[in-house]
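Here's the structure we're looking at; comments come further down.
Naming follows writing order (A, B, C and D), and every chain is counted from residue 1.
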């Protein structure tokens, strides 16, 4: 067995993980649309194979502090572009989340999708290919390529299999992201012009002088902020989610949003530390607005999917808060990374659950439901656990991320930290009211009375998610021990700057004076 | 410059202008084509005048090639006109404006 | 430039101008075609004056012989003679603006010539007489075509081939199914 | 004794078993498994208790697993075993066990039977985690877990409209308290770098901050959490509504265990509270005010369970008063006795409701003594104990609180002690009055219902026996912590205080320090006053409800306005609703419609429209006329020539 692991460990694992779904998609193109059954199961087994192979990433041993499983082949030598991929503590869990959620979203759309199944599963596999590529590419050109290639399948998924105003939503989604990534392309070219290479490892060790960083940082910021989404750029999310098919919105919520967060940690903090420190207070402010605003807007929603989408805005606000809370410990950033993974799982599960009743009742209006608890008890329990994880109840995965983020944020800027903590209360408000309106009370409507409870297939793709929620909530040590070294390494540059520079004096010192007039400088909690 | 060259240059300018006038004013495509031919010839004239002036053959070669081009152009142009004609009996350039914004 | 050449030039120039004007003004397409033929002859004469005998011959052969005949052929076959198209200008502004454009064009060209010092430059001393003949003789032109200008020459042949094909495809009679599909 | 974690593991096991297989097992099995699980944790805590006494060993922690380990931050599943946590564990597990047995009878015919016991077991597991945790974050896990279970159990009968709403209200109000608790936790971490209680205690006592501002800040924020959880003044509104849940739930959660979490937390953090005068005073004043405020509301309530709910809020106020004046061990002692008699009262009222087919309005009861003799005795013992009739548990604990309040002399506000004592005495009067009013209305006066139709019956034995155990507890519980005055007479040394105070900070001005004759005299004085007050309350109730029943109607008309204010709970709920809930809903509505769809989407759609409009402007250029195009080409060419020419000319 360990021979197999050894062989797997030094095989080009990452390339296999990236290109297997692509191969699957190509094979499906050859299959005839009539045999939808075989297409569905082939797509499913292809994604399961990818997931199993991706598990070997863990078996390879060796810490994930530096990039491991690196593969580098020259691709366009003239302009210094190389096919350079690698995975470290930050991107490992996101890759595994991608390969884990792909089979689940495929399985969940077996009964949901009736028309044009062949193209549908091809696009889903392409999504897997593009997403994995984005998370592992270490060459800015390659990264941008994958970043854009995610848009095409998603656009088609929303545009064709969506509901209601799907074309409007799809176009809006693409336009938003393209505008953002346009500026990012400019910045990437700017970097290339300055350094002559797209290679991230090289760029990371040669930091631009501070005055040059600002504009490039803002370009990257815009692209990632739209993707996260941060407060002013979030309106595309609600439309894209409400109109996307179930599997589409699962991938959209669980992974596409993480591309923004991952981008911030990987590229913004590493390549533009001074600009990040300069912009940190503003971004934290926006993050807190996202949290509070997202929660408040959620409370007024009547459409279930729109509510969950806006809750993602609030949760991703936490992630942004965590990423940009600089205070000589990396707790915030580690919390943000684990929160990205756990939010992916929780919101993915929530969308799957909404998909379940959408398949049965073909409506997402909360008012249409009521008293489902008595009709679908198993569904009620599953929804309860997922909802509580989303609220951030301790012993479930939401709490781990949020607690670390708030801890870090509080150190960076106690006022914003305190305000963000109030977001925890608001989260409970809108989720519980939604939960009551959907589940509690008498089951009056006749259509609701004859709803069937979860079937085996739905159980198969929901139970693993719930188990993951409990695992991360109760024993996150294996996850954190992988993330921590990698985040420290990425954030070291920013830490040095933030602790040394004036900015720290403004934000950190404000926290210090407010907290304790005579705090001994080396406060025990300090050394990150 | 020799007077002959100068005069032919002036003549070429005038002919070119009249050719353009024909193209812009007349509505019958055939006449427009003739205008284009005229413009081409005016250009040829200028080339040859300069070839004479500079004592090099280049001008004449280009004039020669222009003739070939002109011939090709006329072939295609007239073929289009014929197909338009077959389609709608009368040939009036302004009537053919379906390809508009 | 002796007097005879001048007289011949003026005559030819006048003929050319009349031809051009006639082509533009005449209402009957046939007339304008004939005017154009006259114009081409005048140009041929001027080419001779400019010591380009080969081109003068070609001008007559290719332009008037082939192209104008094609024009006439088209006119006769496809457009009933005597069909006076109404002088109503469908685009009122078109003529006015065209007028302006033409004036601008002529002024630019003439000014260009003037500014270029064409009129003031002094006489160009005639090099040896012999050089002119053999300079522009058919042999010289032929050898030039096949040496320095081989590539353009070949490309032109390609162009002509394409044009021929295009013309055949465009102007062929549709087969029966096309017609059903059309109406 | 390092398998204390079993106390938590067993109920969790019960949760798993009932959760997955509950539906398929017979009811009896589900109930017994759940009760056995709790009995198991009681036995484990008892064994730990005996070891703790035998070994005379100090507190020791049992480290199970690391939970969050990011180098500056070390949080692990650790359980602290010391006097304070053991007392709490014993109380919680014993009372929960009795209530589990009681619920087997009470919930017998309910269709959500397995679900009920799963949630109840989960609750006990979470409460024990809270009580046994050795660091603040694990305590917070238990803290929120308990909040969750109260949400689930209050909203247990989800078919009806009111319980889920009450459940959400409870969860959100608790969550607001948890918000303050979280801020406290963050402050502690960034000032002291650790969450572990023992480490925290050392660093708080050693790292002396010049100004007390940070300490007070932390104490107040933590107290904010306690206010939320233990239903103190601003955040008490959820407790009365929590009565929508099944009665055993009210007994367990809203009387004996969960609501006391706040008092436990303040006592556990006593080393921090005792360092700040301001925070202590705030705790005492909030406690006292809540006591008298809730006591006054309870005077006029007509729902049998709501009276007990407000009485719980009032008694919790007493506990915080005791903690506020530095007498932490008395607060815990009152908590210990209160658990018994309040659970007894709730279960007895459960039996009444059970017997009266769900009737809760006291005005439609009366004369039930002859139908339910056992329940009547339970209720009587509970009432006497809570109102402080001598020789019963309530008397000893409440009397010492009043004495501690009387003798306290914080230097910020010297005669604070006197004010607090007066408030305490008045509340004792209210307590005695509303308890005996309840007894008369329910048991002794003429029946005000159609006996034939309801024919009330005594509760089954499975409900009566646990009540008897609780009744004995409410009587004897007081004797293990006798005040000094009585200790001499009945030479039963005060065992409770040394056992518990190991974990508590010795408050500078705790009463038992000075024991001169002058102190003894004060103690006799306060004790006698509180006895007089209790009897006065009883007599007043007797006079109003037994002797001349009609007079209460006249009194209501005479004091119509104050009566209505009290009946409507000072309109606090309506106030909260109008100042927070409605504006909040409107704000969300506006935010969603105006800002989200209006402004942000508006801007985006506007941009799209502008692009379209520009397109329209340029459309007419394409006229379709070839000659226009020819003209454009010509003009363009000429323009180019001119530009080139100018360019060349310029050079």
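Throughout what follows, a residue touches a chain if its C-beta (ideal position, glycine included) is under 8 Å from a C-beta of that chain, and two chains touch if they have at least 3 such contacts.
Model, not experiment: these values are computed from the prediction.
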Set B-D beside B-C; more C-beta pairs touch across B-C
Mean of the CA atoms for each chain, then the mean for all of them together: which chain is nearest? A
Whole-Å separation of chain centres (CA-atom averages), chain B against chain D: 98
Could you grab the centroid distance between chain A and chain B? Build each centroid from C-alpha atoms only and quote it in angstrom. 65
Report the inter-centroid distance (CA atoms only) between chain B and chain C in whole Å. 6
Based only on mean CA positions, could you tell me how far chain A sits from chain C in angstrom? 70
Per-residue overlap in chain C, given as positions that touch at least 2 other chains: 90-91, 94, 98, 101, 105
Would you please write down the residue numbers of chain D that are in contact with two or more other chains? 625, 627, 631, 634
Line, ring, star, complete or other: which one describes how these chains touch? other
Residue set of chain D touching chain C in the complex reads 625, 627-628, 631, 634-635, 638, 641-642, 645, 649
Per the touch rule, the chain D residues reaching chain A in their complex are 65-73, 137, 140-141, 144-145, 148, 151, 155, 158-159, 161, 164-165, 168, 171-172, 175-176, 178-179, 182-183, 186-187, 189-194, 203, 207, 209-211, 213-214, 584-585, 587-589, 591-593, 595-596, 600-601, 604
List of chain B residues in touch with chain D within their complex: 20, 23-24, 27, 32, 93-94, 96-101
Taking the touch rule as given, give the residues of chain A at its contact with chain D in the complex, in rising order. 172, 232, 234-235, 238, 293, 296-301, 329-331, 334, 371, 373-374, 388, 393-395, 399-400, 403-404, 406-407, 410-411, 414, 417-418, 421-422, 424-425, 428-429, 432-433, 436, 439-442, 474-477, 480-481, 484, 511, 515-520, 523-528
Flag every residue of chain C that touches chain D in the complex, lowest number first. 90-91, 94, 97-98, 101, 104-105, 108, 112, 115
